[in-house]
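So that you can tell them apart, the chains are marked A, B, C and D in the order they are listed, and the count of residues begins at 1 in each.
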């Protein structure tokens, strides 16, 4: 056990050492004037600003959760649309043929150019940020799902047909499960894209959110706080990404050995539990009679 | 085809920045937007060679970054910046050694605007309404305006509506917000497009310096001549509009054709811009120390600045004098000559 | 934007005349519906100009005024330069990191954090650092283009089958040889996919850079037109961007087909025939 | 074509020379000594000899092979190839794996030429030799095909040609045909026997198929797991090349039983 802890602690210590060295280098570079501290403040100033934003004044939380809400909302809406349209396209050839060119066109048009239109339709509230997030994160989900659903292993497909499976059964028992890993890969791209969409919309029009906070801070000449806000954006991105990864781990468990073991243990426990219940029943009856 | 060639050549020049003439001193000017009728003194000065005469060329740095222009003055990327009064006072209060040398748009102060069809005619009537802010920075304008009528920010709901043209225009037209706090240039295009806008700005707000040109104190020592030359050329360009708006229109049309695709719009837009740009003081770009003094208590009250500063600390009247030192008759003659040659 | 190299197997009856006619019919119907919706006042002209006005706008911007060309050229130059520089940097760094295990270990956390940060938010900082010139715009595009090739190259290199690495070692191959002849080509399909992703986002990057600070470029033109509520011309610019994006997208696909020919049956057969022919030309009719 | 020469000499002739590969008390452990993969391996292999290493999965066959190839360091003991201690990959040793490990972006010919490229410049003579080897492997018509255009068996034959192109006189084969079907496998085994006979290479062949091991080899090293050790060596008295029909003979079956017995003794 001690060995195990040690084997984890040593790399961590090394990472921290590298990090500390980088910070020290940055401080030194700023001290001798290699870095323009007006634009890129020293680490200790940034650290102070982080303390201020998170602990002292706690200004960040409100903006943080607003942006989180917008990004998640955008992801859910865009993801749902992408899934639905991809499923529709996978089931219907002509639907795919005549709809996908417009999907591609939407994809190659920089979403930013659409901001004014989106704001016009959805107003000044959160919904316009969610909408822009949804538009930009729609495509990764759509493409990945469509490709994954239309590519199934030919032999497995024949196996299903030979068992007399209906198209519906093939869809649910074969196509969907085997498409899941790729769908999740799409989700992973989409979630960070949705965040970008929300932040971009905030930049151009918003009353609150990390994008707004960042603009406000940098405009009041507080660059260290602005960078702290930028780092909060990274944190937000990490949280969202990890969220999807956790889901991926849970749902597409068969791709990771450790998860597979856990699920396998759980299923065995359930199986033995049910067996005990079944064998317990007559016992109980006997007792009652 | 020739048009395409010249256009491509122009693109190349723009792309290369400003390496065209080696013997001219480059003045890097950071302003919120690209070349536009909005800055007609610049494009007129360029077309009539006023900047060249001063031995300078202007490298316009249009910036829509959330990074304050003051930072570009401090790190030397810009020589001169267009700032609003709040930016100036904030920077000075933060200890930046800044000099205000010219008031560019004296009649372009921040203000509160409503749709031309709105029933609201005074800030007083905004109680309980939703007020739009063009950007977060216009919050103080609104606060001061409300304060003038005994209201506070809590009496209204605020929403930032953004600078994007159509969004703002729709907000005005559909009256999705009761009033909008912003500044003159924000509704220039909207008015020119035939959407009526009326201003209900209380005097407490309108009575303050508009956009100014500011430089870092060090720049004035190193590049003082170039800065003075720049301001003089700007003044001349501004002066042209007072007697030959048709020439200005022709120049603007050539320089920024995008604004003249609808000639009626272009004309309207330019006229509004002229109104905003031409100085109301006798000296072009003159500085008014009293106004700078009087706006500070309000700004301090709403936390925009932490402490008040003496205007003499940052107002530098020298360059304004130099900027007005030109022969107006000569300018008039030159413009007539240009008109004969080009129109 | 995303890699949409293909949208699954092509439905049968690929490009017959009937299919094209139906495509056109759908497009015309959509445009007509749009036009009617505008004329009936269902669509707000402040946001949706008449399709006919957009068509006229195309003629104006491209032909009579011709003012879009320098902007288009500049934006394309920024996109290309930024893309080339950014992806080259990404691939180069990935190669270094891929060859040196230790570097990879210690760099990983920073890459993850940077990847999670919306790159667009860093734009203003870059403008501040690199100034207002062409370099800063290219730098933003570079930043946007850096990650996908970096991550994909690294994944591709690390994902080489261990047996093949052993095989190279057993042949006494040097590290450089293993890299050149095994790791790099093995990673090519993924690198190519990364390049496609990068190219797709390059356009958006250039646009943002121009929105933030520029004198010229399509982004500037769009700001100018939307700022003056000239929506038909603004739409011309946006549609130009779409077309540009589509063109870039298709050419990257073509590049992919040439670069990683062995993933496609027909192309592999073609290359195989070509190699046979060049052997015959060189060595005589020996094969 | 000079490759259709008569078969190489019989077993006795091969055994006459000095040891090409020699192991003394060879030992390999993993995980800091917790897993013993190979223990007390002692053997000598003579020039031109064909050795099969047979045993169940995890008995250390591959580990042993990789040590000879210089891909793995030994923990203790001595291992020499051509009287020199093995300290890394050696040009006189070449290895082939269960997977074809071909490069998808190279034609068969270019894949075969890979070892030459790695060693230095490729001359036209090399190209002709590679072509001859492909001919030897029966793949002349597929010299310009890419791996994705070939069947699994053909891919392994390209890998075999590449193995010979190295010019190594010691060939190590790690279950090379394990992933192929029975028919292809038997066919390739016959081919392998013919080819290594023609080039007169010393061969170490890892398999878990007893019949295959006996059919191919001059001597069969029987390995048992945990810890991996050579439990016994079975001599195969047949001359090479051998017809597949030999496997039906009583003598062959007796050998199979002997190998089985060696496992049994240990288990």
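In this section, a contact is a pair of C-beta atoms (placed from the backbone, for glycine too) under 8 Å apart; a residue touches a chain by one contact, two chains touch by 3 or more.
Everything numeric in this text was worked out from a predicted model, so none of it was measured.
Considering the contact criterion stated above, the chains in touch with subunit A and with subunit D alike are C. At the far end from subunit D, in terms of centres built from Cα atoms, lies B.
Among the pairs A-B and A-C, the greater number of C-beta contacts is found at A-C. A straight line joining the Cα centres of subunit A and subunit B is 43 Å long.
In whole angstrom, the spacing between the mean C-alpha positions of subunit B and subunit D is 83. Averaging C-alpha coordinates per chain places the centre of subunit A 23 Å away from that of subunit C.
Distance from the subunit B centre to the subunit C centre is 38 Å, each centre being the mean of its Cα atoms.
Those residues of subunit A in touch with two or more other chains are numbered 36, 39, 116-117, 120, 203, 214, 218. Among the residues of subunit B, those touching two or more other chains are numbered 66-67, 71, 75, 164-166, 170. Listed for subunit D are no residues, as none touches two or more other chains.
Under the stated contact rule, the graph of chain-to-chain touches falls outside the line, ring, star and complete shapes. Those residues of subunit A lying in contact with subunit B across their complex are 36, 38-39, 115-117, 119-120, 123-125, 203-207, 212, 214-216, 218-221, 223, 226. Put simply, subunit B touches subunit C in their complex at residues 3-4, 7-8, 10-12, 14-17, 28, 30, 33-36, 60-67, 71-72, 75, 77, 164-166, 169-170, 173, 189-190, 192-193, 256-259, 261-262, 265, 269.
Taken together, the subunit A residues at the contact with subunit C in this complex read 11, 14-15, 18, 36, 39-40, 89-90, 93-94, 96-98, 100-101, 103-105, 107-114, 116-117, 120-121, 136, 139-140, 143-144, 146-147, 149-151, 186, 189, 192-193, 195-196, 199-200, 203, 211, 214, 218, 230-231, 233-238, 240-241.
In the complex of the two chains, the subunit C residues touching subunit D come out as 161, 163-164, 166-174, 177, 181-182, 185-186, 188, 260-262, 265, 268-269, 271-273, 275-276, 279, 283, 286-287.
Contact residues of subunit D toward subunit C in the complex are 66, 69-71, 89-91, 93-95, 97-99, 101, 103-105, 107, 109-110, 114-115, 117-119, 124, 127-128, 131, 140, 143-149, 166.
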